[in-house]
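Two complexes are shown next, each including chain A; its partner changes from chain B in the first to chain C in the second.
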Partner chain A sequence: MHIMEGFLPVAHAVGWTAVAAPFVVLGGRTLVRTLREHPEQRLALGAAGAFVFVLSALKLPSVTGSCSHPTGTGLGAMAFGPPAMAVLGTMVLLFQALLLAHGGLTTLGANVFSMAVAGPWVAWAVWRSSRRLGAASAVAVFLGAALGDLATYVVTAGQLALAFPDAQGGIAAAFAKFAGIFAVTQVPLAVAEGLLTVVVVNALTARGVITEVRA
Partner chain B sequence: MTNRILLAMAVLVMAAPLLLGIDGEFSGSDGQAQAAIAATGYRPWAQPLWSPPSQEVESLLFAVQAALGGLGLGYVLGRRRR
Partner chain C sequence: MTALDRIAHAGRWRRLPLAEKALLALGLLALALILPPWPGAVLVLAAAALAALAGARVPPGAWLGAFAAPAAFIATGALALVVTWGEDGLALVAEPLVAVRPALRALAATAALLLLALTTPAPVLVKALRLPPELADLALALYRFLFGLLDTLRAMQAAQQARLGGAGSIRSAGLLAAALLPRALERARRLEIGLAARLHTGTLDTLAAEPAPSPRRLAAIAILLAAVAGGAAWLQ
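Up next, the complex of A and B:
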């Protein structure tokens, strides 16, 4: 899901930065307030950030014969709400842009929107509605994490389709092309992320680091 | 017990492409998208400020990233409660 440095036209790079920025600013405020009112949540927040660090560093093979990486943002979105993840995700993306030449500063806005905004919100919405519909806690966590992971890559494919429409088929054909690269490869990784997220949520809950994730 | 089964399932899902002997170059999807964009004739207008000088250094930094995350997660999960 990393769009590489310079690989979005200027207007798109600026546009996505403008779209993502308010989420990061509001997320930062929410985070500061949460930590002031509930300092004991520091540990849980650290765990959620650490989970993103680990998962987004792992490039895993997929059945399509390509490699891709999970995002890890669903866990924190369910434990803290999506706003906090805009901040944590941005920190990870900055680390990767500056030290790994993975992603970039000009494309940071677009990458933040897909991985730190869209993914977490989808994860949270799926998890919450699954709970409302009566799904068991673990099932809801699995679905939220897996679909949030997948959503990040679908959004990236959409961003690239908007920026690079196909000469004949337009945006739809370009979306099919980029989704073919990203989304199919991502399906097994999303399943793996869902399973790992359930394990970590179980472990954190058992140790009282997070209270039962509420819906 | 449930956690162990779930972990084993996750490992199986991640290892399946290799165990099944699937053909492919296993290149990164990010790089493939980059190539697909370059194929449209687009030229990037910015370069990374700094790039790891080799594949080895890049994999080192990815390992550092994973290790930092693992350290953080391990600290929280393994901490002795007071």
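Up next, the complex of A and C:
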């Protein structure tokens, strides 16, 4: 759910950048520490980030007939943890703006907050708690990826509602409107992303790439 | 490579100092956000498009191609602004013009972003961010892996379709992603071994030094930005 370049007013663009910045800075510090101890991981992490970028070129069927792409948010959060995902996600969003003109620089903060902070944290928390509550691995992965995807769109709807409140109903009505419009495509897409992530994790397990996703 | 990246690497403004291109593009981007959409955004859009087409000599077809996709997203976003959740479902807002202002602003801002993206390769910009060396390396590694992985994905998609794979099914997409991730990590591991075998301990930075900006051109760009802002105030 990229907000396009220039779509948000100045105050909102600056505000969301300020909200997202601490997460990215803290994630960056964690990542710098990891990379100082294990410099050999920087290429693997770079490849993983490139993989998340390339996932967006993977067309996914949506029940409404439209076609959309997975975000990779859930998979990334489960594999690397939310702090690292904040940094990798920011880099991916920056390159998407510069190489595809998808998203933008002034809306980078808002997009980072929805897709590289809120989505990964929700996905990770849901996945961890489902495992703790005794859910099967596939169920936990599905729930984490699907709800993480859903969280990004709920946050985006909130960001748009704050920027463009309804003339009569205010922010709440605008949120209901944006969430309602997005729900048509995003709810099936969240389910699709959840299923896709399960297929990916299962296939990776079958190949012996991962033994079992740690929770 | 993506279309934007190819033009940025081969374009006429590739060798110009980053400070000059950044001042022009980011200045226009800031003006797009600050100035009132009419006439400010229209002037910014015109200036950014003119700079890209006439200044950097980006082929018009390529510029339109790069502009079309974000413009379509902006149009969809603007459509969401002209409807409201009334008592009997979705209805048009009383003043549909409310959607025109953000749409104009976004179109102008996109043109400014394109001016930067079409004249400056992404690694040059990443380097200018002066990130900690570990993170700069990570960003550059990510960038370098992108294109190889995109090519691999396209080849895998073609192979899947050639075997009558269910293009568009979740299972097919999942198998593609699952086949791609180990390849990506394996490529990274081989590269790492290669670097280690050459006793590489430094950074992955391979960029040549950027030329120094010319004060005269910087001043000319500042005057141009002021002219756009002044023109917007005058027209209003």
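Note that the second predicted complex is superposed on the first by the 177 of 215 C-alpha atoms of A that agree within 3 Å, B and C clash if a C-alpha of one lies under 4 Å from a C-alpha of the other, contacts with A are read in each partner's own complex, and residues count from 1 in each chain.
Keep this in mind: a contact is a pair of C-beta atoms (placed from the backbone, for glycine too) under 8 Å apart; a residue touches a chain by one contact, two chains touch by 3 or more.
Predicted, not measured: the structure shown is a model, and the values here were computed from it.
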Q. Is A:1 in contact with chain B, with chain C, with both, or with neither (first, second, both, neither)?
A. first
Q.
Just to be sure I read the superposition right, which of the two partners does A:91 touch: chain B = first, chain C = second, or both, or neither?
A. second
Q: Return first, second, both or neither, reflecting whether A:35 touches chain B, chain C, both chains, or no partner chain.
A: second
Q: Figure out whether A:168 sits in contact with chain B (first) or chain C (second), or with both, or with neither.
A: second
Q. For A:46, is the partner it touches chain B (first), chain C (second), both, or none of the two (neither)?
A. both
(Q) After the superposition on A, what does A:140 contact: first (chain B), second (chain C), both or neither? (A) neither
Q: Determine, under the contact definition given at the top, whether A:108 touches first (chain B), second (chain C), both, or neither.
A: neither
Q) Who does A:185 touch here: chain B (first), chain C (second), both, or neither? A) first
Q: Quick one: classify A:24 as touching chain B (first), chain C (second), both or neither.
A: neither
Q) Which chain A residues are contacted by chain C in one complex and by chain B in the other? A) 2-7, 9-10, 43-44, 46-47, 49-51, 53-55, 57-61, 67, 95, 97-102, 104-106, 160, 164, 177-178, 181, 192, 195-196, 198-200, 202-204, 207, 209
Q) Along chain C, where are the residues that touch chain A in the complex? A) 2, 4-5, 26, 29, 32-34, 66-67, 69-70, 73-74, 77, 80-81, 83-85, 90, 93-95, 98, 102, 105-110, 112-114, 116-117, 122, 125-126, 131-132, 134-135, 137-146, 149-150, 153, 168-171, 173-182, 184-185, 187-189, 191-192, 195-196
Q. Residues of chain A touching chain C in their complex?
A. 2-7, 9-10, 13, 28, 31-32, 35-36, 39-40, 42-51, 53-55, 57-61, 67, 70, 87-88, 91-92, 94-95, 97-102, 104-106, 160, 164, 166-169, 173, 176-178, 180-181, 192, 195-200, 202-204, 207, 209
Q) Any idea which chain B residues touch chain A in the complex? A) 2-3, 6-7, 9-10, 13-14, 16-18, 20, 22-30, 32-34, 36-37, 40, 42, 44-52, 58, 61-63, 65-66, 68-73, 75-77, 79, 81
(Q) Applying the document's contact rule, which stretches of chain A touch chain B when the two form their complex? (A) 1-7, 9-10, 43-44, 46-47, 49-68, 95-102, 104-106, 153, 156, 160, 164, 177-178, 181-182, 185-186, 188-189, 191-192, 195-196, 198-200, 202-204, 207-209
